[in-house]
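Shared between the two complexes below is subunit A, which has subunit B as its partner in the first and subunit C in the second.
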Partner chain A sequence: MVKTYINGVGSISAQKTFEGDFLEEIISNESENVIYAVQPSYKEVIPPASIRRMSKGVKMGIFTSNKALKEACIEVPDAIITGTGMGCVEDSDKFLKAILDNKEQFLTPTSFIQSTHNTVGAQIALGLQCKGYNFTYVNGAVSFESALLDAKLQLETSEANAILVGGIDETTQHTLDLYRLVNFIKNEKDQPFSVLNSNSKGVVFSEGSNFFVLENQQKTSSYATLEAINFFNELKISEVGEFICSFLDSNGIKIETIDAIVLGNNGDTQFDDYYTIASTLFSKTPQVYYKHLSGEYNTASSFGFWVASKILKNQLIPSAVKMNDLTKDNYTYVLLYNQYRGKDHSLILIKKC
Partner chain B sequence: MGIISAIGNTVEENYNALISGKMGITDIEYIDTIHKNEIKVGEIKFTNQQLEQLLQLPQDNNFSRTAMLATIAAKQAVENAKIQDINECKTGFISATSVGGMDMTERFYYEYFDNESCRKYIKSQDAGDTTHNTAHYLGLKGLVTAISTACSSAANAIMMGAKLIETGQLDRVIVGGTDALSKFTINGFKTLMILSDTYNTPFDNNRKGLNLGEAAAYLVLESENIVKKNNKQVLAYITGFGNANDAFHQTASSENGEGAFLAMQKALKMANLDPSDIDYINAHGTATPNNDLSEGRAIIRIFNEDAPEFSSTKPFTGHTLAAAAAIEAVYSVLALQNDIMFPNKNFQTPMEEFNLRPITKLTQKPLQHVLSNSFGFGGNCSTVIFSKS
Partner chain C sequence: MESLKVELKAKIIEVLNLEDISVEDINDNDPLFGEGLGLDSIDALELIVLLDKNYGIKLTDPKDGKAIFQSVETMAAFIAANRKK
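After this line comes the complex of A and B, so read on.
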């Protein structure tokens, strides 16, 4: 069977992940219920005229995809597959607001043109002149996982050799205000915010972009191999254990074989019980969490995938992401589990190479 | 298969409209827009309340119109495939949408802040919420995802579904797309100046642009094992597909139809067919000046001067965006089942750039392979080939 290697990564998040190696500096947050991605200087990769025109999501996507491609020494990939929960909500909001505020008059097409969910993937393809396969998945918290699965299948069936895969989400003030109204975002008065031992509803919301180059061959830059991935639309809390165990079973792996589990805890008391089940199942395994660093957004799990890839390549778990005190001398298998609001449950298994 | 469109609420109604030449383009009734006198649309003549009743949704549901259309069509598809227990085998649902729950968002955008009762629709904006609502309604538990690549979306949902069956990830998958009309898309295409003020005329020299439409359609794809085990009747086979990017412009298609050419080429290669094996093309044919020229040139590049009969069915339904490739997949299968090719209505004057002429009359011919094209913003080009069972 052809293996799927993670050969390049690029990340923009609420941490300074656009440069540096692996979370050496940490920005901690307990007081903001929305945290924004730390922005790099875009001039090196995007012409100044375009920087002004592009939404944050497109810029972040171009920057991080560029970084991942460079690291893997790929100029033009065979395919570009993106995942985004809310899509290009900045331009979408801008256009809708113009429609409503100006009663459908005096509109210009620019923001409409840039509002489609596939704009990031399309702009990357345009920039690279990549005429290959180009897909965008938009299913909430499994948008990125859908892209990963698609890429893995294409490498296994030899339809492609090198695929660019990413998860991107941007925010707008209006969407954030709406999420505050329905308590998807934590209430100000519930400070200090924490992901572990939280006692409040909702999440600290954020944005970001994480890209990866997946290939069918190992390189000096390789981080890990993507072994398996599965996702499921809805589960009861009582079904999570079975979901995880049958996934491991079908890959011939035992719970003890997992050297670290990366959990998507986001501090929402209504839904973090799902993760309690998982952490109980893996009580003897080093546990990792990351959404206190990245915040929550539909494709935050792509940041988790970045963390997991770095753990295997660097063979260490930075203290900032440790959920328990357990460590191992060698990390071979890492399992990721994520869900959002009780839906879109995903499992990803990666292995040291 | 299941479908709801401007020309019918079932597969049978759609087929009858196609063969009797009954088009569904009308004045707009259900959306309050200042453009209502300047445009025509392919509208499904049910109010949201009527759709809720059809589905017997509970009072507190948060289904957008997009989700309701999806659920009506997906439910029909499941019934048509005679599925008793939707979770009896590894089942997935892959749905395409371009605007998701925009119809609700644009209605309540400011009202959300003052009126608590509409806040259930806040999360409906999310494309994923549409898929979740439909999957939940069907009782489906499994791999559920959504694709949004503008007007080629549903073709890509079909491709991913076929891939998941072929690689053994799933035994059965419901694939298709849905989009409801919205002020957002009406104004978007209006600003791009590609909305016709009359009936759309694909591949006509004097074409003035597209009519927007709304629709949803789904197809049930099953593995060979499931078909054998349950002694299923196969409606058609998906034998090839291709996806490519034009990498030319965010919205416009390249002049030589590079992306479309590559998509058709890939699909033919995968199906192991020569261009001459294709009996009929269900073209994207939106009736915009740019699309029809670009698609026509790509067709000539693939088929030389002897292209098979082709037509665009968009004069019947309007351009239904992310649902277009799904409803046209249903039409392609109907073509194969009945050995019939649907007319390209409203065509009068051949385009001056080439000699391609769409068929304008309902035409009978034994069909083995039908090729269906769909292209979208972002240079997204998709082709699916359907073959007779």
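After this line comes the complex of A and C, so read on.
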């Protein structure tokens, strides 16, 4: 079986992850119910003539894909596969607002052209002149996992040798207002906001972009191998244990073989029980959480994947993401479990290489 | 006419999101496309909507655009002669 190596990574998040050491500088948040991605200077990567039309999501996607490709020493990948929950919602908002404000007249092309979900993948391909397979998955909170699975299958069947895979989501004021209305976002009065031991509904919302170069060859830049992925649309709380155990069984791995579990706890008391089950199952395993740093969004699990990859490469769990005090001398297998609002359950298994 | 040119430059900067460019940076006779501001075909569509929305001018023949959108000077002259609002 052809292995899938993670050979390059790039991240923009609510932390300064686009540069510097692995989670060395942390911006902690307990008072904001929306946290925005820390933006790098895009002018070094994107020509000024192009940058003026790009929304935040497109810029973040181009910057992080560029970083991942550079690290893996790949100029043009064989395929570009992206995952996004909401797509280019900034331009969608602009376009729809223009329709309403101008009574369906004077509609300009730019926002419309850029409002589709696959704009990020398309703009990356245009910049790289990559004419290979280009696909965008819009599957809620398993959008990134869907892209990962596609890439893994293509590498395993030798359809491609190097694939750029990423998860991107941007926020806009209008979307945030709607999320507030339906209480998806934590209420101001519930401060201080906490991801662990939370006592309030909703999440701290955010945005970000995380890209990875997956290849069928190991390189000096390799972080880990992507062993397996599985996702399920809807599970009862009582079914989570079985979901995890059968995934491990099918990969010939026992619970005690896992050296670290990365959990997507987001502090929403309505759905915390899913994570409590997973946490209890791995009570003797070092546990990692990350959404206190990244916030929640449909592709926040791509930030978790970035954290897990870094843990295996550095053989270290930064104190900022430790959920318990357990440590290991060697980290070989890392398992990620994520769900959002009781739906879109995903498991990703990666291994030290 | 001068105030129209300044107003037009400000609108072009706003509509086309020309970052790092101010009204003072655009000369009246600078070419808008190619050399000069370096606008492209998508910008041309934005300028057509700008004329319609702000000055009530509908361009019926796209061929006219080449002469009208040559510079701020030519645009302003066309607007002054044809504006409906």
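Note that in this section the second predicted complex is superposed on the first by the 353 of 353 C-alpha atoms of A that agree within 3 Å, B and C clash if a C-alpha of one lies under 4 Å from a C-alpha of the other, contacts with A are read in each partner's own complex, and residues count from 1 in each chain.
The definition used in the following text is that a residue touches a chain if its C-beta (ideal position, glycine included) is under 8 Å from a C-beta of that chain, and two chains touch if they have at least 3 such contacts.
These figures come from a predicted structure and were not determined experimentally.
Of the two partner chains placed by the overlay, subunit B and subunit C both lie in contact with A:108.
In the superposed model, A:343 makes contact with subunit B only, not with subunit C. When both complexes are overlaid on chain A, the residue A:142 reaches subunit B alone and has no touch with subunit C. In the superposition on chain A, A:49 contacts subunit C only, with no contact to subunit B. When the two complexes are superposed, the chain touching more residues of subunit A, out of subunit B and subunit C, is B. In the superposition on chain A, A:328 makes contact with neither subunit B nor subunit C.
With both structures placed on the common chain, the touch criterion links A:284 to neither subunit B nor subunit C. In the superposition on chain A, no contact is made by A:254 with either subunit B or subunit C.
For the contact definition in use here, the residues of subunit A common to its subunit B contact set and its subunit C contact set are 105, 107-109, 113. Within the complex formed with subunit A, the residues of subunit B that make contact are 33-35, 93, 97-98, 100, 102, 105-106, 109-110, 112-113, 119, 122-123, 125-129, 131-132, 135-136, 140-150, 156, 160, 163-164, 166-167, 169, 183-184, 187-188, 190-192, 243-251, 258-259, 262, 376-380. Residues of subunit A touching subunit B in their complex: 80, 85-87, 92, 95-97, 99-100, 103-105, 107-109, 112-119, 121-123, 125-126, 128-143, 146, 149-150, 153, 156-157, 174, 177-179, 181-182, 184, 230-235, 298, 343-344. Residues of subunit A that touch subunit C in their complex: 48-49, 51-53, 102, 105-110, 113. Here subunit C touches subunit A in the complex through residues 15-20, 38, 42, 45-46, 49, 52-53, going by the rule given at the top.
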